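Two complexes, one shared chain (chain A), two partners (chain B, chain C).
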Partner chain A sequence: MNKDWGRVRRPLTIVIVIAGGFLLPFLLTTQQQSLATRALIFGMAAASLDLAYGQAGLYSLGNAALFGVGGYTVGILMVRNGIESFWILIAAAIVGAALASAIFGLIALRARGLYFILVTLALGQMVANTAQQWSFLKTSYSESVTGIYLPALGLGEKWTNGTFYQFVLVIAVLMMVVIRRIVTSPLGSAIRGTRENEVRMAVLGYNVWRYRLMALVLSGTLTGVAGALFAFQAGLIAPTNVGVAASGLLALMVIIGGSGTRYGAFIGGIIVTLLTYYASQWNEQRAPLIIGVIFVVTALVNRYRGRLVEVVRSMRHREVSDVAA
Partner chain B sequence: MSLLELNDVARSYGGVKAVDGVSLSLAPGEWIGIIGPNGAGKSTLFNIIGGQVSVSSGKVSLLGRDVTRLRPDQRYRAGISRSFQTSSLFPDLTVREQLTLACRQKSRWSVLRSWHSDKALAARVDHLLDVWNLGRHEGSSLPDEMSYGAQRRLELALAVSSEPKLLLLDEPNVGLTASECDDLRARIRELDPTTAVVFVAHDMAMVMGWSHRVLVMHQGKMVADDTPEAIAKNPFVEEVYLGAQ
Partner chain C sequence: MQVIANGLALGAVLFLIGSGLALLLGAVGVLNLAHGAVYMAGAYVTWTFGMLMGWPFPLAVGMAAVACAVLGLVFERLFRLVPRSPNEQILLSFGLIYIMANVAQWIWGPVAKPPFDVSWLAGSVQLGVVAIPVGRLAIAVVGFGIAVLLWYVQDKTRIGAIVRAGMDDATMTRALGINLNLVVVAVFVLGSAVAGIAGGVGGLVLGASSDQPMQILLLALIVVVVGGVGSVSGTIVAALLIGLLDSVSRFLFPDMAVVVLYALMVAVLVIRPTGISGRAS
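Let's look at the complex of A and B:
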């Protein structure tokens, strides 16, 4: 009985959480539905980034730029070219983000460690500057691409905040399935191997550079999908969504949620989005301070996590010994 | 045809010649021990064969194919595998995961297949677990939860997982008892008899007992290449190396 329950507990929990998430719009105001949608989108962006952080050990600070590539691609195609089909727009966002992340990877993977982080930071800032300077990436005399609206699925849908939230939830579930599939596949295992022991991976016949590039491209592509959804939901995409600060926030989401854990980054994305929103509602000027304090506390907990794990392990051993005695 | 050929291989670091014009031919199934005092160039030569260190000049061939410019992963696929002096394992992967990673085919698309359904792969991993006496560590054991001897066995199991044509062993006996060392040799001998082995070691008894030929290195040069018996009687070797013991 216990064994059977243990086997079904996890899938059952997941089904209940998804079903609960699906029914959530009925309990929320329109504004809260928008916030929940945004939280899901940033959950996806953080989970995507964690493919690079938690799996490959590549600490990219340029993922907001790839988020922006997805957002700007759908924004420009929609506003300038009048394309409304979700399928065409999302395909374009995927191709654009994949290409951009491949270019990022080809350049950044020439550097290692701290220099890798700095190169991704510089690349991200270059994209942000391009978004700021290039008039093609601005509409209606503003600094951003505005006038983006919810796309057409071609399924006779009637968009409301609630239905779009449900649509984003479906995509979030699909994305988490894809990420889980990648992580548990031989590809995911090989990517983790390159993080853990690069030299051993090479002498086991793995082309370490190629696996790292694949991790960056997968991470960047999925981030681009989140960026596209953000543009649809927000109705605009701006250089502030692309810059270093936005990349830092994505990194914060991953770290707070727990890098390399099953759903940690996704939950981190949701938590930080909600925290940022409610902190700015409470006191807009002090919101960055609150987020900063949370970040420092999380970093310190992570710093001493090894010691905490040891304490928990020794307590477990003691329990086992007590039982044996 | 020789399995491995080194032609006038050299490697310099600035003005220092770590390996200076070494030539070597190795037949399939042959066991060669490399000895020499610290700084003689043994490890550099070893890393040149494995591809971890590139040559300044000279040529490395495997079964007649020039592999001089190949990366370590390409050399692995060509048939060269190696172990490390200090176990080079994956700290956060279980024994089974490490062996699965090692045994998996590295073809371009195989990474997209699930390995849970790959019965041949699972059987290969089970076989290695049995042969290397790692069965009881199967599943959730991580390297830091294993004894040093078990870690060394895992290190070697990873190295032989591809059934290499040439196996490079860097100080394979380090940290092992004499009986564990004998056990290790027996396990390697059970491999394909055409598998050649090149190893670096400081334990003279082991080198003399394991090798068909012994290479002696001194100041980057190969000063002797002969049978263990002849090496034991070589006065120059006695002077530069054995005499220093």
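Let's look at the complex of A and C:
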């Protein structure tokens, strides 16, 4: 009996969490529903960044730009060309983000270590600057692409904040499944191998550079999907969603949640989105200060994460043994 | 000609900022993305003493250097807590950027300070047919003065030899009985003081604003990528190149000026990933 329980516990928890997530909009106000949608979207963005960050050990600080490529692609196609079909738009976003992340990867992988970080940061800001300067990427005299609306699925759907949340949840679950498949596949092991010991992987005959590029492209493409959903949900995409600060927040999400863990980055994305939202609710002007403190505290505490987890585990075990006694 | 004078002044500021970032990266292995925030602090401190309290401008810049040196000491303590882990260094520096930019807004208000107006640095000198603004000349003089000083220290003195040795082989340098911890502290303090000076003199053209940490950081890291770390001369060449390129392209095609800098960075990465004079890592 006990053994059976152990086997079903994890799938059961996942099913309950997803079902709960699906029913959540019935408990929330419309505004909270869109906050929850945004949290899911950034959860996805962080989870896909973690493919590069946690799995391949490539600290990319330019992923917000790829998020932006997805968002700008659907935004421009929708506002300038009047395309409404979700399927066409998301396909375009996927292609665009894949191309952009391949270019990013080809350039950034010329540098190594800390320089890789510098180069990704500069490339990300290059995209943000382009978005700022190029009038093609601005609509109706604003600094951003505005006037994006929720796309048509062609299934006779009727969008409300609640149903769009549920739609995004479905995509989030699908994306997590895809990410799990990548991580547990031989490709995933090879990518982790290039992180752990580059020389050994090279000696074993793996083309390290190619696996790294693959990790960056996969990560960037999925980030682009999240960016496209963000553009639909927010109704606009602006240079600030693309720049260095946004990339820094993505890195914070990944690390707060635990990079390289199963669902850590996704949960980190949700936590950070909620934290930043409530910080700006509490005090608009001092919100960056609070976010900065969260950054610093995470940086200083992160080293002790392992020890913290151990302490929590041992407490739980003691509880169990107390009950047994 | 005016464009070239602008470029030289910008190049001088970029050198001051980039050299600190490159030294931290090369000699200490710390990725301090908050280096631009130190620059901003230097600019605001200079504004406070020089403009608000009316101290003589060089003295105000001196105060900025001192204040930023203290800041560097604090930074060193913080970064010491997260050694050799890029993850935590990224988060720590992003946090410092957020905090310092917001505190600066709190103290000095959300409106950016205009370029510092110093009476004896206003006007321009006539050089043949062209008029070069004295302020820009002053920036260039300070920048290249410090450049020569740094180059001399790093390439010709015992201290420089120790820094270079630490860069190449930290374990061996320690084994020779050299206190590398002291070198780390010195690099942080010196690099931050130089960034403070850059903020002060750069303020003659750029003023002071809480957007500067990010803007300056990006220019500085392009300088570092293009110039490579480990040699002062590489940083000088890169800073000049980028300063000139930026002001020339701003003059010729103002819309796309920023993209030109990134294009230069990409070109250098493709041709020579270690930068103009970078040491092999």
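List of remarks:
One rule holds for everything that comes next: the second predicted complex is superposed on the first by the 303 of 325 C-alpha atoms of A that agree within 3 Å, B and C clash if a C-alpha of one lies under 4 Å from a C-alpha of the other, contacts with A are read in each partner's own complex, and residues count from 1 in each chain.
As a working rule, contacts are C-beta pairs under 8 Å (C-beta built on N, C-alpha and C of every residue); 3 or more make two chains touch, one makes a residue touch a chain.
Everything numeric here is computed off the predicted structure, so don't read it as measured data.
Once the two complexes are laid over each other on the shared chain, residue contacts for A:Thr13 go to neither chain B nor chain C. In the superposition on chain A, contact of A:Leu187 is made with chain B only, not with chain C. When the two structures are aligned on the shared chain, A:Leu121 is found in touch with chain C, with no touch to chain B. Of the two partner chains placed by superposition, A:Asn81 touches none, neither chain B nor chain C. Within the superposed three-chain model, A:Ile294 lies in touch with chain C and out of touch with chain B [touch as defined at top]. Chain A has more of its residues touched by C than by the other of chain B and chain C. Look at A:Ala202: by the touch rule set out above, it reaches chain B but stays clear of chain C. Against chain A, in their complex, chain C makes its touches with residues 25, 29, 31, 33, 78, 81-82, 85-92, 94-103, 105-106, 214, 217-218, 221-222, 224-225, 255-256, 258-259, 262, 265-266, 269-270, 273, 281. Residues of chain A touching chain B in their complex: 184-187, 189-190, 192-193, 196-197, 199-208. Those residues of chain A that touch chain C in the shared complex are 59, 61, 107, 110-115, 117-119, 121-123, 125-126, 129-130, 133-134, 243-245, 248, 251-252, 255, 259, 285-286, 288-289, 291-300, 302-303.
Residues of chain B that touch chain A in their complex: 50, 52, 71-73, 76-77, 81-82, 84, 88-93, 97, 100-102, 104, 106, 110-115, 158-159, 161-162.
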